[in-house]
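Dumping the structure here so I can ask a few things about it.
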Amino acid sequence: MNKVVSGADEAIRDIEDGMTLMLGGFGLCGLPEKCIGALVKKGVKQLTCISNNAGVDNFGIGLMLQNRQVKKMISSYVGENAEFERQLLSGELDVELIPQGTLATRCMAAGYGMPAIFTPAGIGTEVAEGKEVRNFNGKDYLMEMAFDADFAIVKAWKGDTLGNLIYKSTARNFNPVMAMAGKITIAEVEELVEPGTLDPDHIHTPGIYVHRIFKGEGYEKRIEHKTVRQKGSENTI
Amino acid sequence: MNKVVSGADEAIRDIEDGMTLMLGGFGLCGLPEKCIGALVKKGVKQLTCISNNAGVDNFGIGLMLQNRQVKKMISSYVGENAEFERQLLSGELDVELIPQGTLATRCMAAGYGMPAIFTPAGIGTEVAEGKEVRNFNGKDYLMEMAFDADFAIVKAWKGDTLGNLIYKSTARNFNPVMAMAGKITIAEVEELVEPGTLDPDHIHTPGIYVHRIFKGEGYEKRIEHKTVRQKGSENTI
Amino acid sequence: MLDKTGIAKRIAKEIKDGYYVNLGIGIPTLVANYIPESLDVILQSENGLLGMGPFPFDGEEDPDLINAGKQTITMLPGSAVFDSAMSFGMIRAQKVHLTILGAMEVSENGDIANWKIPGKMVKGMGGAMDLVASAQNIVVAMQHVNKAGESKLLPKCTLPLTGVNCVKKIVTELAVLDVLPEGGFKLLERAPGISVDYIMKATAGKLVIEGEIPQMVL
Amino acid sequence: MLDKTGIAKRIAKEIKDGYYVNLGIGIPTLVANYIPESLDVILQSENGLLGMGPFPFDGEEDPDLINAGKQTITMLPGSAVFDSAMSFGMIRAQKVHLTILGAMEVSENGDIANWKIPGKMVKGMGGAMDLVASAQNIVVAMQHVNKAGESKLLPKCTLPLTGVNCVKKIVTELAVLDVLPEGGFKLLERAPGISVDYIMKATAGKLVIEGEIPQMVL
């Protein structure tokens, strides 16, 4: 059960031009920083990236966009990225915007071996165009297909050498559902431990879903919108 | 957020004749013992019970069967119960046998607001009779409907007063998916703690799914098949 | 005429004890400041958290703990973290009692448009389409008229829709209105100092006025 | 002719390093005893566990820790627990490399019947229909003939089916056979002391014999 690789470069060694990748994270939170760095270094191109967001100009998937590696983004929200906007308007980049819950559930469907799901999200909107609508119990639902990704790349807090993963706080987000959904799943973790160290009841992603794992060094964990309150402030938000 | 009730009797106070209940547990493991006891005491009848198994003659749902409270069982395996067999053969009891994964996923579908799911389980068998078959990517799937249960009754290890639940070991089984699926969800726990005691990253069932919670006293946790090995034995199983 | 704070204060009155609430970005986020402490209310953040607390004190922010607006936040005791699929699962299954979000336009049959303006860069719908298609109870926080002075409460939305037949209530700088099941905006309350006549002129969709319209109490 | 232990030993040879394996009740459970220690193999129990270990020592059994056969078990280091929906999710998504289960009948096109005998009390299919409909690689452990001496390897199953076109390999007390994609049981190995002729007589379905058939090595 040799899942441990030396680092991001080895983990992504066989990702090739034109492949479809899932990348975990919400905004800049819970991003697989190290694998994104390795993908930029490798320079692999024409990628389709399924990720809730597209990073910012100089962090996250934004780095791959600046390097012109992305052919298509499948996301729910992409609004923080000037280079993204430039490439989209110039026609260099294709984008498919889908509701966030649909994005998450299409990942889960792949991981659960369900070819399609029904969701009310997008009924009566342009998202429904060309899709099958079906009424159950008086309510309309869209049929949406499970994703089909060559690789899923996720970031966890702790992992063991068998691939079991534990996420921290809201850095969990899309990572568990994408981890289930890749034909090959790569996990980068802050702490890599021996089997038996993690409590079996605390595992979020069972190792069966994870094919490669490595410990990333020196996570930057950039904050997109630092918001704080003053001590003694009446308002909480 | 007053979810704490005094005990099983109060928790099930408004369960009425003819209702549909989900009951967690696999075999006798992770069963809501206390609520089953209260249901037997209350004597509510004509119930439809969705549960993976039907208990044994003198424990679990078997107690409700002996008390003639069950009109219909929806289960995947019911083979450990002589009274069950007697009632079934005499026509007193109706049973719907469905594949275990279909059972679990129809619960999850209800909890996830998905009216139907697709599964290959049962294709080409009598389980498929009368159901819609649909081909995706060259493989046939059955469309199966989300369950619709009046109450879900689950057993957890620890819970807090906001309804957050943590299960222990394989006593988890169907409990989390049923907890999500009830119109009203009742949780019985071995330890009931204050909010802030449980690590938010360790919660299996978020409190939003749980409407009533209480601490059960003196769990019997009967073992169905005690299997042990001898020290020094070569065979592990 | 209410300012943003006033709109947030008025919406806070829609929240009842024991509610699970999802707050959108913008004015809805401000609502959290005005929920009475006597109420037990739990905020859901659709990136995967129940029990969202206030912003952290400076220096205590955690990059792994953000809300759906990507702001650093805190967790209250009794919080639970989950993945994005479960988060939208509980939204679709209507476990969230109240959803508060902004809008560009609302139509008199409850359609909402809040994600896309043709000709402008589209940022995406995020979780808005899931929320409006699923929620039992949707309150919209919005300006009654746009910067050009045109009503945003319309017979029919002109912008691409986010969802149909979903908005139940609207709170603007001028008024509180219900969207009637049979169509039409039913005027419930006036903002302090605002006349019914003023609201009529600012409302392009069908406005239903019955009896005396009280002034809001904030 | 093999006994149950012999069948389990032979099936153990189908397991490769790095495999996740689901073992059914009966002979399949015994297979766990014969997996070489040099192989890293993880057992899945469909009630929600990866990393199933041996039975506990007497007095160390935990009522909260059982396998799909409801037997008390242990967990090995690196185990993970999950709910029933995820368990069958990973089965449907073909993350489990090998499924070993028993059967009453197998047909020459790979159909399997193992859950119901008309006229007898039906206990239920448990997880068998999910497993056979989903698994990439299914090995059946069964007796070649029933107690009446009739073959259980048939042109067509007579009992209600559990799944269709799914069995890849069969190990019996007499032989190892592949189910050919185009139909037919291809004889691969003979049990010690069993002749090809004996196997032919015990097999009602189409038997494909090519060249010399080696004797099993256990």
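So that you can tell them apart, the chains are marked A, B, C and D in the order they are listed, and the count of residues begins at 1 in each.
Please note the rule applied: a contact is a pair of C-beta atoms (placed from the backbone, for glycine too) under 8 Å apart; a residue touches a chain by one contact, two chains touch by 3 or more.
In UniProt terms, the chains line up like this: A, B = CoA transferase subunit A; C, D = CoA transferase subunit B.
Please read all numbers here as calculations on a predicted model, not as lab measurements.
Taken together, chain C (CoA transferase subunit B) and chain D (CoA transferase subunit B) share the touching chains A, B. Set side by side, B-C and A-C show the greater C-beta contact count at A-C.
Ranking every chain by how far its Cα centroid lies from the centroid of chain A (CoA transferase subunit A), the top place goes to D. Centre to centre, using the average C-alpha position, chain B (CoA transferase subunit A) and chain C (CoA transferase subunit B) are separated by 37 Å.
With centres set at the average Cα position, the gap from chain B (CoA transferase subunit A) to chain D (CoA transferase subunit B) is 28 Å. If each chain is reduced to the centroid of its CA atoms, chain A (CoA transferase subunit A) and chain B (CoA transferase subunit A) end up 33 Å from each other.
Shown for chain C (CoA transferase subunit B) are the residues that touch two or more other chains, namely 49, 75, 81-82, 85, 88-89, 91-92, 134. Among the residues of chain A (CoA transferase subunit A), those in touch with two or more other chains are 105, 112-114, 119-120, 167-169, 172, 200-201.
Taken pairwise by the contact criterion, the protein chains fit none of the simple patterns, being neither a path, a ring, a star nor fully connected. Pairwise, the chains that touch each other are A-B, A-C, A-D, B-C, B-D. Partner chain A (CoA transferase subunit A) is touched in their complex by these residues of chain B (CoA transferase subunit A): 105, 112-120, 136-137, 139, 141, 145, 166-169, 172, 200-202. Residues of chain D (CoA transferase subunit B) that touch chain A (CoA transferase subunit A) in their complex: 17-18, 20, 40, 42, 44, 49-51, 75-82, 85-86, 88-96, 134.
Of all residues in chain D (CoA transferase subunit B), those touching chain B (CoA transferase subunit A) in their complex are 29-30, 32-33, 45-49, 53-67, 69-73, 75, 81-85, 87-89, 91-92, 111, 121-130, 133-134, 160-165.
The touching residues of chain B (CoA transferase subunit A), when paired with chain C (CoA transferase subunit B) in their complex, are 1-2, 110-114, 160-162, 164, 180, 194-196, 200-201, 203, 206-209.
Residues 26-30, 52, 75-79, 85, 88-89, 97, 99-105, 107-108, 119-127, 157, 167-177, 204, 221-231, 235-237 of chain A (CoA transferase subunit A) are the ones touching chain C (CoA transferase subunit B) in the complex.
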